[in-house]
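Next come two complexes built around subunit A: one with subunit B, the other with subunit C.
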Partner chain A sequence: MAATMNFEDVRDKLRKWREDKVRNSVETADLGEYLLANYRRKLGDEVWPLYEQVSIAALDCGRLSLARLCIHAVRQQFPHSSRSKRLHGMLEEAEGEFDKARETYNDILKDDPANGLVMKRLIAIHKGQNDIPGAIKELNKYIENFMSDSEAWMELAELYIQEQHYSKAAFCFEELILSNPHHHLYHQRYAEIMYTQGGPENLEIARKYFAQAVKLNSNNMRALYGMFLSASHLAASSKATIKKKTENTKYASWAAAQIAHKYKQAEPQVEVVGEMLDKLAITSGN
Partner chain B sequence: MAATISTKAFCKCLLHVSKYPYCAVNGVFVADKKTFKDTREVKIVDAVPLFHQCVGLAPMLEIALVQIDTFCEANGLMIAGYYHANEHIRDNNPSPIALKIADKIQSNFSDAHLYLINNGKVDASCKKDTLMVYQHQDGKWKPLNNANFKLEQEDSTCETCADLLKARAQEDLMDFDCHLDDITNDWQNGALNERLESYS
Partner chain C sequence: MPPPLYGTFLSATLWNSIPLHICQAENRSYIRLTEQEFNRLPADIVIECFVSLIVTCYGVINMAGKFKGIRAMADFQNKSMDTVGNRPSFYHFAHRGTKLYAGEPEEER
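On to the complex of A and B.
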C-alpha cells in the first residue's frame, strides 16, 4: 500500500478531512500513521494539527498505542496548551481512567473556564460510563451557558430519545427550529418525535412538520414518507371528521405520488415501493 | 433449537455493526417461510440492516418494516428475528427501545428471537458468541443459552465473515438509513449478496 501512495495526495486528503471534520477514523489513523512515520520533516508546521487529528482518530478506533505516541509528541511540544491537555484527558478516558480524566479537564477549566470543548468532554465522561441521566444533567448545565450551540441541543434531544423522554426531546427540537427555521432536518426530526409520541393531536402536528420539511427540501425522503404515513393514519382514524378524512387522503396520495416519482427517477426498487404504497393505502382505507 | 443463521445473515449483521462501531444499530433477520411451515425450524436466510442514525423513533421503522414485509412476501420469507447493538461497548443489556421493537416483531411471529450484539466480543475472528439470544417467555425477554442457535456452516461462516471484514466489505453495506439518505442505496444489498454467494 505504502509504495503507491503519494505524499502530497495523502497530505491533502487528510487536510481536507480535517477541515470538513469528516469522521473517517480507520483510514485517518492508517494514512496519518504512514505520513508521520515517513514524512514528519516534510510536513513542517502542519505536523502538529496532523498529530492532533491522528490521535483523535486512533482513540476513536481503539488504537491506543498510536494515540499515545501522537499525544506524547504534542504534549512535549506544547506542554501548557489546553488543547494538548485535552488530548491527554481523552487518552485517559479511552484507558477507562475516568476520574483522572475528570481531574485533567477540571484543571484546564480552572485557567480557562469558558472552554466549551472541555466541558463537552466532561459530559462525554458520563456517556463513557453509560450514565445517560448524568450526561443529560451535565448537558443541561452546559446549555444554560451555551444556548446557541445547536449541536448540543441535538445531542440532548438524542439522549432524551434514548431515555424515551419524547416530550423533552421535542422541546429541544422546538428550540432548534426557532434558532434556524429553514433547516428541513429539524422539522423532520421534530415530526418523527411527535409521531412516535402518538395520539391524534401529535399525529396532526407530525404531518404538518413533515410537510414543512418537504417544502424546505423536496428531496427529503424521510419527510415524504413521514407525511404519507401520518396523513394515512389520520385519514383512517375512526374519530376523524369527513372533512379531515378527505383532506388527509389528499395529502397522503400527494406524498405517495411524490415518493413513487422519486423511485422512478432512481429506478431500482420501484415494484417493492409501489406495492407497499398500495398496501398502506388499503389499510388506511378501512 | 431456536434458529439456524445463514452465513449471509450473520455476515450482514456483523458488517453492519462494524460499519458503525460508534453508534447503536439494529436490523431484522428473515427466515424461510416454507421450512418453518414444514419442520417448525426457524431457518434464518438473510438479514436486513435497518438504522444507525436514530434507533428510537417510530415512523421510519414502520416504513422499513412494511417494505421488508412486502419483500418477504414476494420471496417466500418472513421476519423472524431482531438484532440490536448498543452504543456503549460494555452495555450488554437489551435497552427498553430494543425490547419494544422486539415485542412488536414477536407479536407478528411468536417464535421470533431477539439477538443482542455482545459488543465486547466483536473482533476479527467473528465467533458465534458475538450474538446473545433472547426468547420471549411469559411476557418477558429471557436470555437463552447460545447452544440454542447455530451458524449454518459453523466455522466456515465465521471465516467468511472475517475475510469480508478484512477486505473492509462493511463500507459497501447499506442499511435503511443509507437508503433514506439516498434511495439509490440498496438496503437489500444486491452487490454484497453476489459477493457472499461466491464464497459458498
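On to the complex of A and C.
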C-alpha cells in the first residue's frame, strides 16, 4: 500500500491523524514504518513526533519490535526527556510489566510533579490491570487538580458507564457541555446516557438534548434516530397526558421525516426506510 | 466602488489636513497681528475639518474589507464520536487486540 504513495501524501496524512488524534493504529504503524525507513532525512525535525506517533500506534497493535526500534531512537536523541521516558514506560506496559512501568512513571513524577500526561498513564495502568474502580478513584484525584481537562472528563464518564453508574457519567458530560456548549457530540452522548437510564423524565431530557444536537449539526444521524426513538417512546407511554402524546408524536414524525429525507439524498433508490422506522416505533413502544 | 478609490479618499483627506493646519496657524498669527481677542476658529476651517473627518472615516471603514462570520460549530460538523471520543493519553495495551495478534509471528504482519 505504502509503496505506491508519494512522500508528501503519506506525511500529510500522518500529520493530520496526529493533530486530529485519530486512532487508526494499524495504518499509522504501516505508513509510519514506511516513512521512517525511506525518508528519515527528508522529514527534518518532524521525525521525532512521528517516532512518538508510530511507537504508540505500534504498541497499540502489538508490533512490539517496531515500537522498540522507535522508542530506542527517541531515547538516544533525548535521554533525559520526560516524554521519551514516558514512551519507555508505555513499552513496559505493553510487555505486561506494570510494576516496572509504574516505577518509571513515579521516577518522572519525582522530577516533574505536575506532569499531567504521566499521571494519566498511571490511571491507564489501572485500566490495563482491569481495576476500573481504582482507575476511577485515581482519575477523580487527577480531575481535582486538572479540572479543565476535557479528555479526562470524557474518560471518567466512559469508566462510569462501564461500571453502570449512569448518573455520575451524566454529571461528567454536563461538565463537558459546559466546557464546550456548541459541541453536538457532547449533547448527543449526554442524551444517550439519559436514554439509557430510562424513565419518562430522563427520556424527556434525552429528547431535548438529542434535539439540541440535531440543531447544532443537522447531519448527526445518531441524534436524529435518538430523537425519533425517545419521542416515540414518550408518545406511546401509558402515563403521558394527551397533550404530551400529541406533542411527542409530532416530534417523532418530524425526526422520521428528516431521517427519510437524508436517506433519499444519499441513496435515492432505497425505499425500505419507512418500513424500518415503523418497526423501530413498534419495538420502542413496548 | 473599487477599493483603490477608497484609498484615494483616505489619502486626499489626510493630505488635506496639512493645509488645514497651516490655515489655522495663519489665522492665529493674523489675529495676533491685528490684536483681536481669540474666541473660536473661523467656521469654514471647522466645517472643513468635520467634512474631512467624515470622509476619512468612510474611507477607512471601506478599506478595511468585509467582516467574516464566526462559525462556532464549523470545527465539529464533520467530526464523529470515533475521533472526539478517542483519548490517546489513556490508551492501555491490554485490550482484546492482544489476543488477536498473539498467535501470529510479528514479521508476517
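Criterion: the second predicted complex is superposed on the first by the 246 of 286 C-alpha atoms of A that agree within 3 Å, B and C clash if a C-alpha of one lies under 4 Å from a C-alpha of the other, contacts with A are read in each partner's own complex, and residues count from 1 in each chain.
Heads up, the rule we're going with is that a residue touches a chain if its C-beta (ideal position, glycine included) is under 8 Å from a C-beta of that chain, and two chains touch if they have at least 3 such contacts.
All figures in this text were calculated on a predicted structure; none of them were measured in a lab.
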On the A-aligned overlay, A:69 touches which partner chain: subunit B = first, subunit C = second, or both, or neither?
neither
If you stack the two complexes on chain A, which partner ends up touching A:161: first (subunit B), second (subunit C), both, or neither?
first
Please work out whether A:21 is in contact with subunit B alone, subunit C alone, both, or neither, and reply first, second, both or neither.
second
Considering only touches as defined above, state whether A:43 meets subunit B (first), subunit C (second), both or neither.
neither
Have a look at where A:61 lands relative to subunit B and subunit C in the superposition and call it first, second, both or neither.
both
What is the contact status of A:260 with respect to subunit B (first) and subunit C (second): first, second, both, or neither?
neither
So which positions on subunit A get touched by both subunit B and subunit C?
23, 60-61, 127, 130, 158, 189, 222
So in the complex, the part of subunit C that touches subunit A is made up of which residues?
72-73, 76-77, 79-94, 97-98, 100-102, 106, 109
Could you list, by residue number, the parts of subunit A that touch subunit B in their complex?
23, 60-61, 127, 130, 158, 161-162, 164, 189, 191-193, 195-196, 198, 206, 221-222, 225-226, 229-230, 262-263, 266-269, 272-273, 275-276, 279-280
Sites on subunit B touched by subunit A in the complex
21-22, 54, 56-60, 62-63, 66-67, 70-71, 74, 88, 90-91, 95-97, 180-181, 183-184, 186, 188
Per the touch rule, the subunit A residues reaching subunit C in their complex are 20-23, 56, 59-65, 90, 93-94, 96, 117, 120-121, 123-125, 127-130, 151, 154-155, 158, 182-185, 188-189, 216-217, 219, 222
